[in-house]
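Two complexes are shown next, each including chain A; its partner changes from chain B in the first to chain C in the second.
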Partner chain A sequence: MSLKEQFTVPGRFRTISLSLMAIGIVSLVAGYFLYGTGDEHYQVRFWGTLIHNSVFFLLVVNAAMFFICATTLAMGGWQLAFRRVSEAITVAVIPLGVIALIVLLALVLGHQHHIYHWLTPEGDKILEGKSGFLNPRFYIIWTILTIGGWIILGRKMRLVSAELDNGPVPVEQGRKYVFRSTVWASLFLVWFALTVLSTAPWLWLMSIDAHWYSTMFSWYTFASTFVSGIAVMTLFVIYLKNQGYLELVNREHIHDLGKFMFAFSIFWTYLWFSQFMLIWYANIPEETVYFKPRVEGAFKGLFWFMFVINFLAPLLILMRAGSKRNYTTVTFMAILIIIGHWLDVYQMVFPGLSQDPETGKYHVPLNFFDIGVALGFVGLIMYSTGNALAKRPLYVKNHPFFKETIIHHT
Partner chain B sequence: MGVKKFIVGCFDNEDVLFPAVKSVRKAGYKIHDVYTPMPIHGLDHAMGLRETSLHTAGFIYGIIGTTTALTSITWIFTRDWPLNIGGKPHFSLPAWIPIMFELTVLFAAVGMVLTFCYLCQLAPFVKKHHFHLRATDDLFVMVLEVTSKTNEADTINFLKKAGAVEVNVQVAEDGWWLGRYDKEQKLYQGHGETVIV
Partner chain C sequence: MAVLKYESQTRDPLVDGHKDYHQVTEDIIRPIEANPSRLWWIGFIISVCLLLFGVYSVYREVTYGIGQWNLNKTIGWGWDITNFVWWVGIGHAGTLISAILLLFRQGWRTGVNRAAEAMTIFAVMCAGQFPIFHMGRVWMAFYVLPYPNTRGPLWVNFNSPLLWDVFAISTYFTVSLLFWYSGLLPDLATVRDRAKLKWRKRMYGLLSFGWTGSTKHWQRHESLSLVLAGLSTPLVLSVHTIVSFDFATSVIPGWHTTIFPPYFVAGAVFSGFAMVQTLLLITRKVLGLKDYITLNHIDVMNKVIVLTGSIVGVAYLTELFIAWYGQNGYEWYAFKENRANLFSPYGWSYWLMMGCNVLSPQIFWIKKMRTNITVTFFMSILINIGMWFERFVIIVTSIYRDYLPSSWSTYYAPTIWEVGFYLGTFGLFFTCYFLFSKFFPVIAVAEIKHILKKNGESYKAKMDVIENKPAEKFYEETHAVPH
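The block that comes next holds the complex of A and B.
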């Protein structure tokens, strides 16, 4: 059997990704003139959108590398048929990381204290107490290290995988290869645990509500972005299959990706609810202040809408084995999950930024600007992934475990 | 249930078993069951067994668990014994979700285990006929039922040609009965002969 190993980016794919990026740039420019040049509250709106989209999409593409490393460490073989697709998605960590770095550093260096109140802690007892963690120097150094670590370790993982393209791997060499990729995967996972699973969401997103804190926040953000990452991988896999590539991927692999989407939607709900319930139960004003605008205030509709499409829809639609093996259902659910978790991160960022200082009332500023910028990021991910896919063979067919993915059966 | 006559073919290789199952089905023999030392992927499809509905049963048990938790805790905290806990309303859904979740899992898990045992006829003091003891060790044992249309000699030859290393004819009870595996027990005197071919 001869496999189609070389992907060429179809013209239509390139046109769509470029036009999405153009939409993003036009929205960014329009948003800049509408909001970015205005007074502080307009600027908060502008920067809020940038931080929401850049951080969300960066964490989503980085989650694909988490998937690769976790399956490598678990000695998994079933995912190898589409491993190169996950790898190609993680190439986008480089451009998105640079963009997020620019946005985050611009916030701190540009002294946007209406977004990060902790930039001016003077006279505020709580913020002064937190200044050991929430201070510009630590923020800048740690953000650079975080994103740099993802880029360097992710690139190393891709290079280790690229060694397999040189030719058949004898058994002894294969053992060494498996050990070495395990070492690099575990290094990435340690760095991932220190950043995505703990500090990065605290620093980037949670510190917008600087008085409030939740130790579960990072796990909750991770669950949100990991399930979206799986959804992105699924979409690319199904797209490539539609184009006639990835002959070795069949319903068994899609079934497992569907299981991941189902399971991590439930996992997200579990963390989301645990964070909510403890605060609801203790009923301490400093903590409940976070949920007031979200569950009861202006963001109520968005909040429950996001809950329905992130929990009820995956639960009820993806529960049956048949729907996890159906390409149409899985595609539909993947798109729904990405939208749902984009909204989830939206409601992490914006309630803290959209309070009217005079009346104290909240409003939901969601409009074309957010959607346009989001589409721009989608286009960037598509463009970068398509180019990365075309650079290397689509299969790691010399991987010692490759037979497992061919005979995979759920 | 009842005493029936079976032709038992033993295979020592999984790669021989699969084509054998296919050819036996194609030839129209009735497969009683195939006993294997370990679960074999795809054998159920090869044998033409229908998909299990155990998961549907599990879903129903789960729903029953959720409903039980919600109704009983609602009754307890709003009617039977209302308590003031931290000034919360008597009907406090968030506090009950862990309990609803736990009972859903408990009902689904216990219900599915019991259903599985029932479907496989597994219970304490329930005994079934073993067609070949090595089916728990290293032999793949295919059991064909002898019907009125079966020609025994032909069937035995067919199985041997399909790769069976050992074929014999047994008359045995195909259901379960009360008994113990650690005690010898002759159930049906006169019927229990084993013919080694």
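The block that comes next holds the complex of A and C.
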């Protein structure tokens, strides 16, 4: 009984991914002519969608590398059956990182001060005070370093994993291998803490509401994108399983991925509640201004809808052991979670951009353009992951802990 | 099937010294059956003395009032609330180990969970003393309980995080106690079955609730453990979250910051593990349990320490940075002048906190340091001190200079009775721990037996056969019958 180690991208998969990318490009072009060429407020609409989607999907695929590094440091054996799937997803950090970099730099270099008010701080005492951090030079340098660091360290992690394809690893050599991979994993995690868990969300997203601040913001963004990252991994694992690959993965592994989706949905809610409740309770105007349009204004419906599918649905549906072992339920929940957190990041970006300057009223500009661009990113992730999967064996079967995943029992 | 007991040889064993089932029982139960050592007596007597000093200090406070402490109108919370938060924090590791690590299937928890859970319970008991006696008129303490009464408008304030504390901590205490005790049942039955004296047999018979070890008992025991683990996991997070709300719901500079809940939880786990290290390093030496609390265990716990210490570090820097970024003059003053300025009255305590909690644990990135017992012990004490100062910094440096400069209080030092109260809780904590280590098995015998065939040294040595097999063949053999 030999294992199916070579993945070939099915024609249908390739067609779908290419079509989705085509939809994305068409939407982008249409959006550009509808919004991007208009006056400044229309441009805000155009760039807002780009920043929302590029940052969200980049953080999501990068979360898969976080998962790899965290399980490497925790010496987790159970996930090795689908380790190569997680790795393949992280290859998308390269194209998505480049796209996000272009978008973010274009915003700053193109002087989109309706998105980033801090680009023109003159006369605003608070923004002037922040200019030591919120200034184009620091933004550009730090963004390049951030994304570059993820790409380089992520690639190194994949190379360390590729060494396993050379042949069996005896126990003594295995110890050395485990040690070396933990060194690189911890380097990635330190860089992750300095970027995703702190500076990157402040610079890219929080500074859209340039006057507002919350110490929780980056951890909250992390929770949102990490749970989505787990959902993406789950979807690819189930897809491969349905295609007859990954015979080593069984309900036990899916159950554990379901547990991760369940647990981190609750964790997300915990951070969501803590940030919201503390600001609501203290009732300081500088802070509550952020939630005004979100909880009471135009975004109210979206805000609570997002809360329902990100918290209530996982809580009620994934609570039972049986539903975490059911492929259909898990697939459904993974898609729901990705949509929910896509909306979460949407409501981080858009309320700060969609206030009518004359009436002061907010509106929710969600239409085909946002969805089309999002589908384009989905297609790109599918395409990149499919290709990456086809390049390497599907199993890290010489990994020192690999046999543990074969008999894994949750 | 024997093969299901496989674990990679790349991992170090969790039970050293080629033990078999009987030997595990012998090693762990024997200290309970023997007379306590001289060292035990010395420790016990010192603890009781400290406890008595604490009782006297509290007696002074109750009789003469809060004036026995050096609190004043500006610094209304001082050592007492610092000690409260510190003890609650320590009470986190036990339930984290027993609940969250159970859900994560971490085998190493079996060596340390029993003692850590006991520590949790004793720490929460110590913590509870401080807010209760801080009330001043402690005989009115029952006012915190909401029940139909004739006091008219004197009713608990459900909007207050201080009341949430009452619920959070009492729930946590109850569930932790249940978890700990239900885990003890099989082991108490083992002690009962080995007992030679009649009174011992009767006492442990009573304590073990008639445990027979039947399959039915085990099955119920396992499902109860899972249910309690599921209940405790959110509790581990909720308790310190609510303690953080005590501060973060206010509008005091340095207190109102949204990152407080997860950052307090990380800090609590950090300090809890430091205390577990302190206790277990002593326990393994005094009771001769080096084969069960191995260097591997100490290594892993130090990893948790460097992880949580670094999370706390990110949180410290985040709040410092956002205090500046927010451009709120009061917030920035609290951080820049009251804390980060080394030459301000309490600046030293901020840097002591940074040094102990963020910088020093970084040495645990190095494996040599993680597996060095002296270094670990020293570090565990350092972290305990650092985490005490974290709470002191948060409380005192935020309130000693309030919005009205005329009421600034430049210096606050505790009285002997304030210190005495704190020392008294150490007395309570260690008295309980000494009694526990005398009358209960400090390591979960049944759980060690559960992992023995997978993680025991001699069993692991036999796994060569599997280790040398190609993955395909192993898969074929283990999946011969579809399941």
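Observations
Heads up, the rule we're going with is that the second predicted complex is superposed on the first by the 410 of 410 C-alpha atoms of A that agree within 3 Å, B and C clash if a C-alpha of one lies under 4 Å from a C-alpha of the other, contacts with A are read in each partner's own complex, and residues count from 1 in each chain.
In this section, a contact is a pair of C-beta atoms (placed from the backbone, for glycine too) under 8 Å apart; a residue touches a chain by one contact, two chains touch by 3 or more.
Owing to the predicted nature of the structure, the values given are computational and were not obtained by experimental measurement.
Look at chain A after the overlay: chain B and chain C clash there.
Look at A:359: by the touch rule set out above, it reaches neither chain B nor chain C.
When the shared chain is aligned, chain B and chain C each come close enough to touch A:409.
Once chain A of one complex is fitted onto chain A of the other, the partner contacts of A:281 extend to both chain B and chain C.
In the superposed pair of complexes, A:166 makes contact with neither chain B nor chain C. When the two complexes are overlaid, the chain among chain B and chain C that reaches more residues of chain A is C. When the two structures are aligned on the shared chain, A:328 is found in touch with neither chain B nor chain C. Stretch 205-213 is the one among 61-69, 79-87 or 205-213 where chain C clashes with chain B after the superposition on chain A.
Residues 281, 409 of chain A lie in contact with chain B in one complex and with chain C in the other.
Within the complex formed with chain C, the residues of chain A that make contact are 1-3, 73, 75, 77, 125-126, 129-130, 133, 168, 171, 174-175, 178, 186, 190, 193, 197-198, 202, 213-219, 248, 259, 266, 270-271, 274-275, 278-279, 281-282, 284, 286, 395, 397-398, 400-404, 406-407, 409-410. Every residue of chain B that touches chain A in the complex is listed here, in rising order: 41-42, 55, 59, 86-88, 94-95, 97-98. On the side of chain C, the complex with chain A involves touching residues 3-4, 6-11, 103, 105, 234, 237, 241, 245, 248-251, 256-262, 303, 310-311, 314-315, 317-319, 321-322, 325-328, 365, 466-467, 469-472, 474-476, 478-479. Remark: chain A residues 273, 276-277, 280-281, 283, 319, 321, 409 touch chain B in the complex.
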